[in-house]
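In what comes next, subunit A is part of two complexes: it sits with subunit B in the first one and with subunit C in the second one.
Then we have the complex of A and B:
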C-alpha cells in the first residue's frame, strides 16, 4: 500500500510542479510584470531599481522560481500587498470557516441524498423514481447563487428567522450561533450536492439490487428490508464514499460563489477580494494552497477507495 | 449505434419527440429570437427612467426597474445575448482545443499521450471556478477573458471524450483497413475516426453549454465577469441581491430566466444522450458547485 501511495505521489509530481510554475508565472503575465505589481504604476526609476534589487528580480527566472518554490514549501508565501500581513496567516485564518461550511453542507447533502437515492432505487421506474430523479436534475441545474438569494428572501427577509449575511462563528465556541450563521450557505451547497449524491448512489444501488447475491438472498426468503440494509447498502456505499470525498475536495475553494452570496468569510471570498485589489502574492498563495489541498484530498480518496474495496489491489 | 448510419434529422425527431426536450427547445428558440430581435422589439437595456427606480412589476415594466431606473426585462433579454454568445464561444473554444488533443493522444499513444494527458491533469488540478478565477486574475476583466476562462475549463471533458472514442474505434475493422491500405494518421483521424465520434462530442457540447452559461453567470455574479454596462444575468443577480428588501423581483426574475435556460440545455443534453448513446448523460457538471 505504501508503494501504491508513493507511486501516485510520483504521478502527481509533474502536475504539481507544472501548476506551481504556472502560478509563479502569473506575476510575469500581468501588465507591468512583478515589478509593476510591487511598486504600482507611478513608480520612479529609482524605486523600480530598488525593488528589482531587493526582491532579486534581476536573477534568471528559473532561479527566481526555484527560490519562490523552496520558500513556499517552507511556508513562506510572502506578504499581502494590501494588508502587509503574511499570506499564509491570512489563508489559515480563513480555512476554518470554509471547512465548517463544507462539513455542514456535506452532512445536509447526505441527509437529503441517501433517502432520495434509496426511495428511487427501491421503486425503480415508478412515478416516485421519476420524481426523485427530477429532483437530482433540478438540484444540479439551478445555480447556487440563485438558490442562496431565494433562501435569503425566505428566511431572512420574509420570516426574519436567520441573518441575511453570515458571519463565521466557530462551532466549538457557540454551537447555536454557529449553526444559525452557517445553515443558509450550507443548505445552498447541501441542496446542490444532494443531487450528485442521490444520482450516484441510485446508480450503484440499482447495480447491487440486480446482482446475483440479492437474487439468492430473496430466494432463500430474507426480508427485503434485511437485504437492503445488511447487504445492498453496504456494498453500494463503497464507491459512494469516493463521491463524498470528491465533493469535499471540491468544497475547498469551490465554494466561492456561495460564500459571496452570504458574505461568508471563507477562503473563496479571500480569493475574490485578492483579485479585486490585485493582491497578486495573496492570489498566488491562496491558489497554491487550494491546489495542494484539492489534489491531496483527491489522492486520499483514491487510496481510500482501493483500501476499502478488497476486490481492487494495489497493482 | 454507428454515428454515420443515423441521419441528423432522424436524431432530431427522436430527441424532440420527448416532451421535455421539445419544451426546452421551444424556450431556447424563443430566447434566441428575442435576443436577436431585441432592438426591433423596442427594448432598451440602457435607457433610464429616473422617476421610476426599483419598481416592482408593472404594465410599462413587466419585470420592474433597477436601481438606475432601467427596464429589467430589456436587460434580461440583452443579457441572453451576452450569455448565449459567450457560452457558444466558450464551448467552441473548448471543443476546438480539447477534441484535437484527445484525438492525437488516443491515436498515437506514447509520449504524446503522456504529455497531453498531463496537460489535462493540470487543468483539472483546481476546481473549475478557481481555474477560471486564476485566468481572469492574469488576463484582467473583459468579455474575451470570461470566454477564454470558461472555455479552458471545458477542454478536459472534450479531450477525454475524444481520446476514449479513438481508443474504442481504433480496433474496428474500417479503421484498421484504412491503415492497412496505407492511410496516413491524419487521413485516419479526419476521415474515419472523427466522423464516427460526433455523437458523444455533440452531446458534450450541449451539456457543456449549460455549464458555460452557469460559469459565465457565476463570474459576473462575483464581479469579475463581463464588465458593466453590458447587461449580463450574473451581474443583474449581483446588483439585485443588494436590493432584496426594496425590490425582491429584481434578483429573482433574471435568476429564473438563467435557471430555465440552464435546465433547458441540460434537458436537451440528456435527451440527446439517451437517443445517441442509449444511456443517461454522464455527469458533466463539476462536482463542486460553481
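Then we have the complex of A and C:
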C-alpha cells in the first residue's frame, strides 16, 4: 500500500508542478508585474531598480521560478505584503480552524445525508421519499448566508445557547468550547452538503437496490436489513466516497461566505482579505496549500476505493 | 400422484405501463413434481420469467399478482414477508441468467454462497468457511479452499455460474428455478453447466423449472415442457411429444424457424411479424396475426382459445389443434433445392494473411508494456465475391477483433489484408475511405449501435453524407429504396430508433450498411440479440440480399447452427488462431480438429431422439486468458487428444491430407467412436 501511495504521489507530481508554474506566473500577469507588486504604484525608477536587484527579478524567469519553487518546498513562501509576516505562518495559523470546520461540516452532512438517502431510497416513491427529497432540494436551494443568519438568530440571539461570532478553539485543548464555537458555521455548511449527499446517495442506492445481486440476495432468504447493510450500502458507497471527497476539499478555502457570517477565522477569509489588498505572495501561498490539500484528499479517496473494492488492487 | 412441489393456478401478473397496463402473465396453471424438470420455453416478453419469479415472490412491488401459488404446501401469494423469507433458500432456490451481475462484486464468493444458510440459522459463522469449500467442491470448482475466499471478478463466467448453482442448492431447496442459466455462457461452458445442473438435480431430487428461449437446451435437459406466448401457456406436454408432435401452431412454427445444426441448407421458415406488446394484445387468439393456420378464421379473431386437455398431461390452446403439422413434415415442405455453389472469382475479394493484433497492457509509472493480449495471433482467410465465410468461435477467441481489424477499425500489429486487389492494412484514414465504401460493418447490438437522437432515415443516410455521395447516389429516393429492400416502410425513416423492435433495428443497421453499395459486409453476430422467430427473418433477409446484390459476407458468430445455415465455408477460431477451416459440409460432417468436434457435439439440438442417442464431448475448463496463452498448441490444456508434442510445439495451419480442410492440429482426424473424451493429461488448470 505504501508503494501505491508513493506511486500515486509520483503520478501527481506533474500536476503539482504545472499548477505551481501557473501560480508563479500569476505574478507576471498582474499589472506592473512582480516589481510593481513589491514597490507599489508610485515608485521611482531607483526604487524599482533597487527592488529588482534585491529580489533577483532581473534573472531569467525559469531561474526565478526554480528559486521560488525550491524555497516554497523548503516552506518559505515569502512575506505578506500587507502584514510583512511570513506567508506560511499566516496560513498555518488559519489552517487548523479551517480543517476543524471542514471536518465537522462533513460529519454533519453525512449524519444528515445518509439517513435521508436511506429513508427515501428504501421507500422510493412514497410520501416519505417525497418529503425527504423536498428537504434535500431545500438544503441545496437556500443560500448559506441566510441559513447562517437564521441559525445565529435562533441559537445565539433567541436561545442564547451559542456564541454569535465564532472563534477558533482547538478541539484537543477544549472539546466543548471547540464544538460550541464551530458548530453553527459547521451546521450551516453541513446542512448544505447534506442535500448534495442525500441526492447523490439516494440515486446510487436506488441503482444498487434494483441490481441483479440484490435479487440474488433476496432469493437466498436474507433479511432486507442484511441485504441493505451488507450488500447494497457497500456498493452504493463506492461512487459516493468521491462526492464526499470533493465536498470536503471544497470546504478548504471555499467557505468564505459562511466564515464571514460567523466571523470565523478560516482560510477562506484570509484569501479574500489577501485578494482585496492585492497581497500576491499570500494569495500564491494560500492557493498552493489549498491545492496540496485537494490532492491529498483525492489520494485518500483512491486508497479508500482500493480498500472497499476488491476489483481494484494496489497496482 | 404425490403433491406437486409447486402448483400455480390462474396466475395473472400485471405491471403498470405508460399507456395501458402491461399484462405480462394472463392465467397460467402449472404443476411441478419432485425430481421433475419442467422447461418453460418462450420468446422475450412471453411471461416465462415473470411466472417463475412470481413463484419465488421476487417480482418488483409494482407488479399486481392474482391467482394462487402453492409452494411445498404453503401459499406464496399474500404470505407475510417473514414466511416468504423462510421459504426462499429453504423451499426454493434461484439460478439467474447473467453470472456477471448476479453476484455481489464486493464480497468473497464463499461468504455469498453460505450467507443464506447462516440467515436461516442452519449454519454457524464458525462452520461457514468449511461449508463454503464443501459447496464449491460439489459444483466441481478446482482448488475450492483458495477459491472460496476469492471475489467474483477472479472467477470465469462458467465458474461464477457454478458458484450461483452451489448457492441456489445450498439449502437443499425442493424447487430450483433456473432462469436462462446458460444464455450468457459459451457453448462448451453451457454444456458443462447443464451437465452439472442435471447431476445436482438428480443428487438432490429437487424439482426444477428451467426457463429458456433455447429449444435445444430444453430438449437436452427437461422432462416436460410448457410453451408460453403472450403471457399464457399455449401448449404443454412431455419433451418427446412437444418436439415430435406439436399441437399448437406457435410451437410448430418455433421448431421450424430455428436453424438446426443437423439440417442442410434450405430456407428458414420464420414466424412473420413479432410477439405482441403486452400492453396492446390483439383481440381473440393473441397468436392469430402470426399464425399459419388460424389466419383469417372468425373464431380465432373472436375467442381466445382456452388451454384444452388433449390427452393426460397434454394440452394446447388452439381452436384447431388437430390441424397443426409436425415439424419434420413441415421441413420437407419448406426445404428447397440446395443453392448452387457460388462461382469463385479467380482473385478473392478479401484475402487476409497472417493477421496479428496484439494489445499491449501497460502498467507502472512509465506505462511500460508488461504483457501483451494476443487477441489475433496469425489469422489467414480468403473470401470470394458473393461468398459467405462463417467465422465461428467462443467469446474471447478474437473473431470480433479480426473483423474490426479487416475493416480498419483496429490497427493490425502485423500481417496483410488485401481487399479487391489492393493491400489495405496500414493505410491511413484518408486512404482507407474509398475502401470503406466497399466494405461495411453490421454490429451485434441493434439497440446501442443506432444513435437514439437521430431519426433512422438520417442514420441510414449518414454513410452517404460522410462520403459526400448523398445526392450522387439518389438522395431520399435511394434511402426509401433501402428501407424497402430491408422490408421496412419508407415512412419509417422519420421515426427514432426507440420506436422500433430489435429485429427492425437490425434491419435498419443492415440498410445503413448497404447504403454505399458495398461488396463485402462484415456481420458481427447480427442476430445474437434477437428472438428465435426474428432471427430467422433477418437470416432470410441477409440471404436474399446476398443473392440479389452479389454481396460477400464475413459472418462472425458463436452460434454454430446459424453459421452452418448461412455459410459456404466456415473457419473455427480458438484463442486468436484459426484451428480449422473448410467448406461447410466437410467441416460439419467430418470435423478433424478436436475443438471443432467438441464444439459441434456441445450444441444442444432441438430434437429429443437425437439428444438421447448422442455422445457429448464435454470440454473441461474455459478459454484461457489471451494475455497468457498456453505454450505449444493453445488448445492442448483442454484437448482430449493432447500429447507431449502439443505442449512443446504449435501445430501449423495446413491442408489435412488431400481434403478441402485446412487444420492446425498435430493429431487431426475423425472422431473415433470409442476414443477417450476426457482430457488425457490430467485436470485442466
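The definition used in the following text is that the second predicted complex is superposed on the first by the 285 of 315 C-alpha atoms of A that agree within 3 Å, B and C clash if a C-alpha of one lies under 4 Å from a C-alpha of the other, contacts with A are read in each partner's own complex, and residues count from 1 in each chain.
Following the convention adopted for this analysis, contacts are C-beta pairs under 8 Å (C-beta built on N, C-alpha and C of every residue); 3 or more make two chains touch, one makes a residue touch a chain.
Everything numeric here is computed off the predicted structure, so don't read it as measured data.
Taken together in the superposed arrangement on subunit A, subunit B and subunit C clash. After overlaying the two complexes on the shared chain, residue contacts for A:213 are found with subunit C alone; subunit B is out of touch.
Once the two complexes are laid over each other on the shared chain, residue contacts for A:223 go to subunit C alone; subunit B is not touched.
Look at A:46: by the touch rule set out above, it reaches neither subunit B nor subunit C.
Which of subunit B and subunit C touches more residues of subunit A: that partner is B. Of the two partner chains placed around the shared chain by superposition, subunit B is the only one that A:246 touches, whereas subunit C remains out of contact.
Touching subunit B in their complex are the following residues of subunit A: 14-16, 18-19, 22-23, 26, 29-31, 137-138, 140-146, 149-150, 152-153, 157, 164, 189, 192-193, 196, 199-200, 243, 246-247, 249-258, 260-261, 271-272, 275-276, 280, 283, 287, 290-291, 294-295. Within the complex, the subunit A residues that touch subunit C are 7, 10-11, 211-213, 215-224, 226, 230-231, 234-235, 308-311, 315. Residues 56, 58, 81, 85-90, 92-94, 96, 98, 101-107, 115-116, 119-120, 151, 153, 164, 167-168, 171, 363-365 of subunit C touch subunit A in their complex. Against subunit A, in their complex, subunit B makes its touches with residues 118, 121-122, 125-130, 133-134, 136-138, 140, 210, 214, 217-218, 221-224, 234, 237, 240-241, 244-245, 248, 251-252, 255-256, 258-259, 262-263, 266-267, 270, 283, 285-290.
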